[in-house]
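Following this message is one structure expressed as structure tokens.
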Amino acid sequence: MHLLIQAIILGILTGGLYALMTSGLTLTFGTMRIINMAQGVFVVCGAYIAFTLFNYLHIDPFLSILVSTPLLFAIGFTLQTFLLKPIRHDAHRLSLLMTWAMAIGLEGILSFIFGTDFRGILTSYQNSSWTIAGYEIPVVRALAFLLSVAILVGMFLLLTRTKFGRSVRAVSQRESAAKLLGVNTDRTAALAFGLGAATAGAAGAMFGLVSSFDPASHYDLIGRLLAICVIGGLGSNAGAIAGAVILALSESLVQAEFSPAWSSVPFYVLLIIVLIARPRGLFGVRTRGAI
Amino acid sequence: MLAVLALFPFSGAESWIVNIGIFTLMYAVLGSAWNLIGGYTGYVSLGSVAFFGLGAYGLALTFQHIGIGSGFLPFALVPIIGIAVAIVSLPIGWIAFRTRGLPFIIVTISLVIILQYMALNLTDVTGGAPGLQVPQAPFPPGTYEEYFYWAMLVVFALTLLACAYVRRSRLGLMMFAVREDEDKARGLGVATSVPKYAAFAGCAAFSAMAGAVWAYYLSTVYPQFAFDGEFLAMGIILVAYLGGIGTLWGPFVGALILTPAQQYFAYSLGGSQLYLIAYAAVFIVVMLFLPRGVVTTIADRALRRSRRRKQAVEELATAESESARDTPAPVAAR
Amino acid sequence: MSAEGPLLEIDALSKRFGGIIAVDGCSFSVARGSITGLIGPNGSGKTTVLNMLSGYLASDSGSIRFDGKRVARPDPTTMYRGGMSRTFQRARVLPEIDVLDNLLVAAPKRGLAVWGMSKANRATVDYAMTLLDEFKLTRLTEAKAGELSYGQQKLLEFATVLMGKPRLVLLDEPTAGVNHVMVDLMTERIREFHAKGLTFLIVEHNMEFVMGLCDPIVVLDHGKQLFAGAPDDVQQNQLVLDAYLGD
Amino acid sequence: MLSTGTRLRSWILAIGLCAGVAACGTPAPTSSSNAPKGPLTIGISVSLTGDFSNTGKAAQLGYQLWASQVNAKGGILGRQVQLTFADDASSPTQVVTNYQNFISRDKVDLVFGPYSSLLTLAAAKVANRYGYAFVEGAGNGPSVFAAHLPNLIDAGPATAINGAQVWGDYILSLPADQRPKTAAYPSLDDPFSQPAAAALQARFEAAGIKTVYSQTYPAETTSLGGVIAKVASASPDMVVSGSQDADGWAQVQAMIQQKFNPKFLFMTNGPENPVDFPKNVGAQNTQGIFTSDVWTYGAPIPGNSAFVQAYVAKFGGDPSQIDSTSAQTYAVGQLIEAVAAKTGKIDNQTIIATLHQGSYQTVVGIVSVDQYGAPKGSQFLEEWIGGKLTIVYPPSIAEQAPVIPKPTWP
């Protein structure tokens, strides 16, 4: 029982971080109707930025978010402008490969700069943990969780309260409609893609803190993030959060209660069940039949 | 054309060239097989790799459990494995086809991930991470590659045959209809599930056959290489796109350009991470400048030339076509 | 096939999208051999009714009887095979395949026939060619459907739905965005096939076209039948005028 | 179709061209096996990109160091050694192509092994086909020897499995009252660590040490909190981690976070890296952690100090940064030298025949292999003491006695 709760705590803490990573995917899908296969590598970039700042300038990884976020935004914005905009005529087919190319290219660049060794960020509080009612709560994970939630809330406000948010939603409703409302869809798309990358940047700094990584780490990441999207329902923020928590929970539970070897399997099984029972995902809205 | 390929080994090509030929054909098979589902039916799938891996493990496992020598017999096994995997693919298709478009892509990715997990963890069956060993074929080193080359060529021929059949048959017409506008097709009495499952199973069968030959040639199978969702999966689609999706020879042309180039890059300039960057660069160039692929682009140019001549005549022929061209056709709803 | 009674009967058909009631207990029928017009101001639920008839949309309640038999759960494929085919408001053709293939797809084939070596048998192809000829599309046989002008696409779509030798054709705004030359061509064809005994249900905004062609005419408003009758009666009817001019 | 046909024929030419380019592009391999004079060309594929690339590079350094030294001494039997490297991008398909190219295209005299068992096997089979000896320094997973290849020789003191047995030797050498009573075996699901941990588990169970936890976790596992929580709840005296590098760090971090401190902590891999391990778990946390290793820069092995000096002289850096893989690949070269010295010949048959009997001194200790090339020896035991990686067992080469039990985390 104690173990179970311990596992649940760890699961939820990790889930928060995944939710943040996924929210970026959701945003780009919502606005541009494309899956950003590079989200994983964006996260890894964020981790390397935090790693560099920490090792050479001794900046705390949590502070380095202030650098990684705008930096990744810039990268995302640029990539969208130069690589994705030109192919928007056939985006729904080409974007997958294009973003994948970005992912591999960035992986190459990262390996070129940092080599392919595993890296970890070792802060003074790396291994400390709070003991609450007999449960060990790792400080880094707790902080990462809280910060992720905070950023998610921030994003939510950004999307609901601001003009940018309105145009994003307009675009995601129907591009033609948005055009009528005088929304610059290209610009919005670029901003949205940049913002998606930015969330990865923020999440990445924390990812680097809670687990070690190498340039190839993005393969595992993107696999998980995509699965989270589907189970939650593509383009649904609530779904992204739910999916993330489900993933992390099921993993840590199975790890603790059954066997770590199978830790990820129940999630994918669940994914399949969801698809059979409810193809659009838990929170997905039915995509209106093409009538 | 196939004859040219069949004679290729006799052209005094050394075994290292034949070796590259094998992998080129492998990608040609995988690309063409992918074309069935992704190119003709319009369901972009990353599942091919899953079936490739199943084929590879299928062969290795048969070796483990039934002692089938290590001569030519395993080749005879290849088509059986193909059929078996095709059957296995049907229930998988049933799940995957509950989604469309992007969710479908993701489902197929998950499929690869799940299978890799199983290969890693069902240790009793798959041997887990240490993988499975396949005895080496007792062929003389000088001509060792050629047998695998021809085996792969036969698989390729079969794949090509299937594609050719599809392109001229009712079934293919239904596939195209599904690709163009699935809902409209339903409204025209097309039983859309028939072409969808046919394409999915076909893709599975041929991918599996390629996987089986590959496994026998390398004579080792590891989970992370058999279910390589990273390079293999995307490589397949890239090959198809580079050549031109939906065309008969496109994937082959794509493989012919890409595979030797890739193998050569890694062999010579792999010394740095530039290899990955170069690979990505190829991707991007293709997407930006040849989004419709080599074959399609060339074909289109030829077509448009002849079309333009026709048009000129029509312009005069009917006032109708004139006035009607003023109202541009709106893009299809989906 | 039972020859008596209307070909199509709709009874208390309803559909709501979230809060909005698109179709609200709508009932009307289409007599055999008629060219029934279905009109009504925007948002009166015409297209929604069509979508439910053709099985693209599940109705919340109400029943559909086609050829005297109740259609429990309409589905596009079965409806088409049952002899009811439709076109769409904005023409939907299969853009990347050529015009002839667009027709051949629509030729009813089932079971093993699907696995045949050829796209269609001689007879089917001939029939398709005659249709193309009647719709003046013959010289575009080889062209990709997507390359046709919008008007031509409308014609092609119309021709396509005739491949299944249907008994009832639902045309959704056949003249929308089509120049007069082709409207006349369209009218001609409708009359011709009507003469051959084909029944039509036509949703249309172009009054001149409807009044000239359809009888009877059913008027929808707010998702239910407002009036049904001959063109002249419709034009006289006060309710109809109010509905259109808005009150 | 015809037009396509012609177009494709031109593509066939393109292949030929590409091949031509390849021929000119690669460092010209002049000699061929039937011209015994001239340089001794050796083809080696290493993973310079992809999953295995960091260690792959280390492998390359070892080979290069050996080549430069032997050439300085006038080469082997008067022939200068000429290494040709190719990248296999950590892919078996590529590794096959590379050795194929070396042997049948460049006609090199010898080939040496790549990095990682997973690639070693595919490559060794190609070499076997052509009767080439396959001496390799970085592929000692069980599957490699299970393939029963006659041409394969692993230039290491021990296989991945029996390498770790030194921990078993040590624990069972303890008086019964000092031995752990219970043990946990969290292990990474890979071809080396898991079998090693499993072998130890079997031995310990036979010796009456109770197993309270034994699970493998997949390589993707980013957080080992759950695994360690489970281990901690079983509170074993001893933890035997079948770890590689990053997951090993994660295990230690999780133990610290969960304030779980076993009396004995042995990890198959991870702690033997004198730089990355303290950097990632914190130097103060390393105290009392055991691991086994084939080599360290301080190991009192004949020729080792000379090797270390030469390495630092050639590549710079600090001895503590030398990866043991470099030493292993260096040892491959030493074996070849030994064969030449012993037989006066350097052809593949001789190499295979010679190395399968007798034992040979290398910088990684004495190499002696069975008929399938599996080394018979064992590794030595290291413990982190006072922030330094110290050899503690077997006593013959121990720098000092092991310090047990493990102190609690600071």
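Residue numbering begins at 1 within each chain, and the chains themselves are lettered A, B, C and D in the order written.
Assume contacts are C-beta pairs under 8 Å (C-beta built on N, C-alpha and C of every residue); 3 or more make two chains touch, one makes a residue touch a chain.
Predicted model only: the values in this text are computed from it and were never measured.
Peer 1: So, comparing each chain's Cα centre against the centre of all protein Cα atoms, which one is closest?
Peer 2: Answer for the innermost chain: B.
Peer 1: By mean C-alpha position, what chain is farthest away from subunit B?
Peer 2: Greatest centre separation from subunit B goes to chain C.
Peer 1: In angstrom, rounded to a whole number, how far apart do the mean CA points of subunit A and subunit C lie?
Peer 2: Using C-alpha averages as centres, the distance is 47 Å.
Peer 1: For subunit B and subunit C, let me know how many angstrom lie between their CA-based centres, rounded off.
Peer 2: Centres of subunit B and subunit C (C-alpha means) sit 40 Å apart.
Peer 1: Return the distance between the CA-based centres of subunit B and subunit D, expressed in whole Å.
Peer 2: Once rounded, the distance between the two centres reads 36 Å.
Peer 1: Could you tell me which residues belong to subunit D and also touch two or more other chains?
Peer 2: Where subunit D meets two or more other chains at a single residue, that happens at 49, 53, 189, 218.
Peer 1: Enumerate the residues of subunit A that touch no fewer than two other chains.
Peer 2: Within subunit A, residues 111, 116, 261, 264, 289, 291 contact more than one other chain.
Peer 1: Do you know which subunit C residues sit against two or more other chains?
Peer 2: 56, 88
Peer 1: Using the touch definition from the top, list the residues of subunit B that touch subunit D in their complex.
Peer 2: Per the stated touch rule, the residues are 1, 4-5, 8, 14-17, 19-21, 23-24, 117, 120-121, 128-131, 133, 136, 141, 144-145, 214, 217-220, 222, 224-225, 231, 248-249, 252-253, 256-257, 260-261, 263-264, 266-268, 270-273, 275-276, 295, 298.
Peer 1: Provide the residue numbers of subunit B that touch subunit C in the complex, in ascending order.
Peer 2: For subunit B paired with subunit C, touching residues are 165, 168-174, 176-177, 179-181, 183-192, 194, 246, 307, 314, 317, 319-321, 323-330, 332-333.
Peer 1: Per the contact definition, I'd like the list of subunit D residues that touch subunit A in the complex.
Peer 2: So the residues of subunit D touching subunit A come out as 49-51, 53-54, 186, 189, 215-218, 220-227, 229-230, 233, 245-246, 249-250, 253, 256-259, 276, 279-282, 285, 409.
Peer 1: In their shared complex, at which residues does subunit A touch subunit B?
Peer 2: Counting only subunit A, the residues touching subunit B are 29, 33-35, 83, 86-87, 90, 92-94, 96-98, 100-102, 104-105, 107-109, 111-112, 116, 219, 223, 226-227, 229-230, 234, 261-262, 264-265, 268-269, 271-272, 275-276, 279-281, 287, 289-291.
Peer 1: Mind listing the subunit D positions that touch subunit B in their complex?
Peer 2: Residues 1, 4-5, 7-9, 11-12, 14-15, 18-19, 21-22, 25-26, 48-49, 53, 85-89, 91-94, 96-98, 100-101, 103-105, 118, 121-122, 125, 128-131, 141-143, 146-147, 189-191, 194-195, 218.
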